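Below, chain A partners chain B and then partners chain C, in two separate complexes.
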Partner chain A sequence: MNGLAAHEVTVAYGRQTVLDRASIHIGPGETVGLRGPSGCGKSTLVRVLALLHRPDDGHVSIDGNPVTGARYRVAAAVRTRIGVLFQSPRSAADPRLSLADIIAEPLRATKAERIQDRVVELAYTAGLTTDLLRRQPHAVSDGQLQRACLARALAHRPDYLLCDEATTMLDASTQAHVAAVITDHQHRHGTGVLLITHDPALMHRWAHRVIDWPPDQAAPATAVEHADHH
Partner chain B sequence: MPRKRRLRPLSWLRPGTRGAALAAVVLATAILACLLVPLLWPLDQSAVALDRINQPPTWTHPAGTDDLGRDVAHRTLYGLRVSLLIGAVAALVATLIGGAVGAVAGTVGGWTDRILMRIVDTVAALPHLLLGIFIVAMLRPSLGAVILSIGLTHWLSTARIVRAELLSLRTRPFIDAAISGGASRVRVLTRHLLPHVLPRMALATTLMVPHAVWHETALSFLGLGLPPHLASLGNMINDGQRSLLTGAWWASLTPGLAIVVVTLAIAAVAAHWRDRLDPRVRAELQL
Partner chain C sequence: MTAALTIDGLNVRFRLRDATVHAVTDLSLTLHRGELLAVVGESGCGKSVLAHAVLDLLPANAATTGTVQFGAGSRPVRELRGRHIGLIPQSPATALTPVRTGRSLLAETLRVHGRATTDADTVAAEAGLDPADLDRYPFQLSGGMAQRLATALAIAPDPAVLLADEPTAGLDRPLVDHTLDLLRRRCAAGTAVMLITHDLTAAQRVADTVAVMYASRIVEHRPADEFFTAPHHPYAAALLDSLPDRAFQPIPGHPPMLTDLPAGCAFAPRCPHASPDCAAQPAISDGAACHHPLSVVGAP
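Right, the complex of A and B next:
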């Protein structure tokens, strides 16, 4: 089956079980909304799906191929198929690097070609002017920094993009722009998007399907089907 | 709108940092003197002049002569040279050992981390001057023995600093973002982790230099440091105390003052640097 999926994933920190046999599926080109109270394991689910945290039980599969291990143990070519947009751009950006370096970092890590051109192109897509690219994170606003993080997340044209409350800290216009950039990317590349947000309007406008988290273990099919809003 | 202030070279000379500027000038003068003295005013380490022993300060001998007729000012410069060399190299050795242990403990984690940190705790529980004396006593008195003795007993704090820094960095989302972007373990270490840790390691090294100078002095004073004919600050103070009872205070005063002034200058410069390293202070300076 095509798509990014977690199968019966269990994650515990010490004695506290954060995810208990949780499953989720994000199809290509689909936007899946995920909502639930704080601390219910949404972010942990994102880390598991992004291959940044190895679940204690269960596994993640990409287009039907199970992935073993996490972080460095997963081949870079597999890791880069999944992009992540974190909630706080401040902590998701290396404070030492300029915005241009932050965007170029994934391209340099995988020794991509035409890095300079790609950075300018990605910055333009994300709505960053070239004079901002030379600045370091402390000299730009949260919104500008999140745009740089978005450009970085799209650098490898990921097949799946996980947005962990990525627009929560942004002003309305930046929020709309980030959403528009992601939707546009989705239309052009058929990207599957997981959207975590507390904003009901954004969720309603954007998500094809909304899942309430944590899912009721007795009745696993609590997904709310929405009509296609696009 | 607040006026935008750019970070300029020499901005540390602003009022309020004059103490640090003065310390930097003192330190630069001392280092320059140490570098130039063998070229301008070479010293025969084993030469004695028994016709002018224990002379008080005069224009020809501004810091007097010691009980073997040697010029105290001249030997103090040479002693400072040796002490600073030992201090710097020993601090560097300690930082390299501590940095390596801290980096392994902080990046590998698990059992490796636990075992390494217990070793650190165990060594830290021993009195380090005693341990240093033990190491130096097993070797022949030489520059290398003193450096090794100080280096092997002073790496613990650096190991702890580097480990703690790496542990806190490792969980930061920007490391996750780098991994997600396809960065290898080596790339994350060299591109994201070490650049954050290196300034702190450099600071720890600098703060250790005065401490290492004091240790060299202490070891030489105890007769365990350098061979007695070599001019080192510790040797000179040790020699000078023989003349103290006869009233020749100058033989130990000048080397003693040299240690105090130079180590305080290094410490002041390092403290100023530490304050600037604080990201909040740095952001204020740059914005």
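Right, the complex of A and C next:
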């Protein structure tokens, strides 16, 4: 089956089990909303789906192909199919790099060609002016830095994009802009998007269907269908 | 109504090596007892600098002109800070002393302000923090818990004026509502609250009055219900239109750099109603600083 999926994934930190045989499926081109109280394991699920954290049990699959291992053990061609946008751009960006280098990092990792042109193109897409590209994170606002992180997340034209409270700290206009850029990318590339947000209005407007987390223990694999489409 | 805080002609400039940042320009406002004023605007518009200027907590490279007066008195801010003016800081993670537990910090605050240290649990609970979590160190707290601890520290001395700088950042919706209700209750008890936020939904929920800041100036300052139903300034209207439960349309273009502000209206380059008049700075009239307020030209 096409899509990014977690199958019966279990993750524990020490004695605390954060995910217990959790499953989720994100199809190509759909926006899946995920909501739940603080500390319910949403961010851990994102780390597992992003192949950043190897689950203690269960596995992740992309378009039906099981992925083994996590981080650099996964082939770059597989890893780069998934992009992540984190809640805090400050802690997700190296403070020593310029915004241009932050955006270029994933491209350098795969030895992409014509990196400079692509960085300018990505920055333009994310709504960053070129004068900002030479600055370091401390000299830009949270909104501008999150735009750089968005450009970085889109660098490899990911098939799946995971947004973990990615617009919470942004003002309304920047939030609408980031959402518009992601939706446009989704329409052009058929990207499956996972949207984690506490904002009911944003969830209602953006997500095609919404899953309440953690899912009911009795029926862990099924999502609560949300009738509201755009 | 009694004025709890009066700001008159406030200007704040930061001198950098090769530029001057105009963070707050010609800002005047009055905050009354029991009033909840929400200061809203995009990031980098000068909202937080305003709070720090009011508290006289700006760094050394800041040059401030204008006056800030608390109540009817003329005592300097540093004698009032803490006891009479509380600050809920924007990033609690950096505002808390890392080597002391929440209980130790809160007990000290209560003691200094003449309250029983045994009140710590009550104050923590009022801020929405489980008293058991007071025995943790700041690094053991989540962002939301640290935020609530910072809130507890600010309200412990029962200040007459409370400045809340993004107090709901990083909280989930029930905690956002809890924090907003707490601010609202403070107002009911006579406290004047200045809520600085980028969250328009939060502002709509609790504010009596709203001041919109754009590029270092207040461009609209009106009662909240009027503002949310019929904003006068085109920027305020565009900001409301970018909400997900409204048009979800971003404002075209970018805010100007605070190092390079135009002589006239700073919103003109992004404004659908801009005209040659906008090359001159508009004065505030009828609650909005605009040459073409929407009540006159008609809402788009």
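Here is the rule we go by: the second predicted complex is superposed on the first by the 222 of 230 C-alpha atoms of A that agree within 3 Å, B and C clash if a C-alpha of one lies under 4 Å from a C-alpha of the other, contacts with A are read in each partner's own complex, and residues count from 1 in each chain.
Convention: a residue touches a chain if its C-beta (ideal position, glycine included) is under 8 Å from a C-beta of that chain, and two chains touch if they have at least 3 such contacts.
What you see is a predicted model, and the numbers here were worked out from it, not measured in a lab.
Of the two partner chains placed around the shared chain by superposition, neither chain B nor chain C is touched by A:Arg188.
When the two structures are aligned on the shared chain, A:Gly39 is found in touch with chain C, with no touch to chain B.
When the two complexes are overlaid on their common chain A, residue A:Gly143 makes contact with chain C while staying clear of chain B. In the superposed model, A:Gly127 lies in contact with chain C only, and not with chain B. Once chain A of one complex is fitted onto chain A of the other, the partner contacts of A:Ala179 are limited to chain C, with no touch recorded for chain B. When the two structures are aligned on the shared chain, A:Asp171 is found in touch with chain C, with no touch to chain B. Within the superposed three-chain model, A:Trp206 lies in touch with chain C and out of touch with chain B [touch as defined at top]. Of the two partner chains placed by the overlay, only chain B lies in contact with A:Arg71; chain C stays clear of it.
Contact residues of chain A toward chain B in the complex are 47, 50-52, 71-72, 76-77, 79-80, 82-84, 86, 88, 91-96, 105-106, 109-110, 138-139, 149, 152-153, 155-156. Interface residues of chain B, counted against chain A in their complex, comprise 172-174, 176-185, 187, 191-192, 195-196, 279, 283, 286-287.
Contact residues on chain A toward chain C in their complex (touch as defined above): 37-39, 87, 127, 129, 141-144, 168-177, 179-180, 198-202, 204-206.
The residues of chain C lying in touch with chain A in their complex are 41-44, 142, 144, 169-170, 172-176, 198, 200-201, 238-240, 242-245, 248-251, 254.
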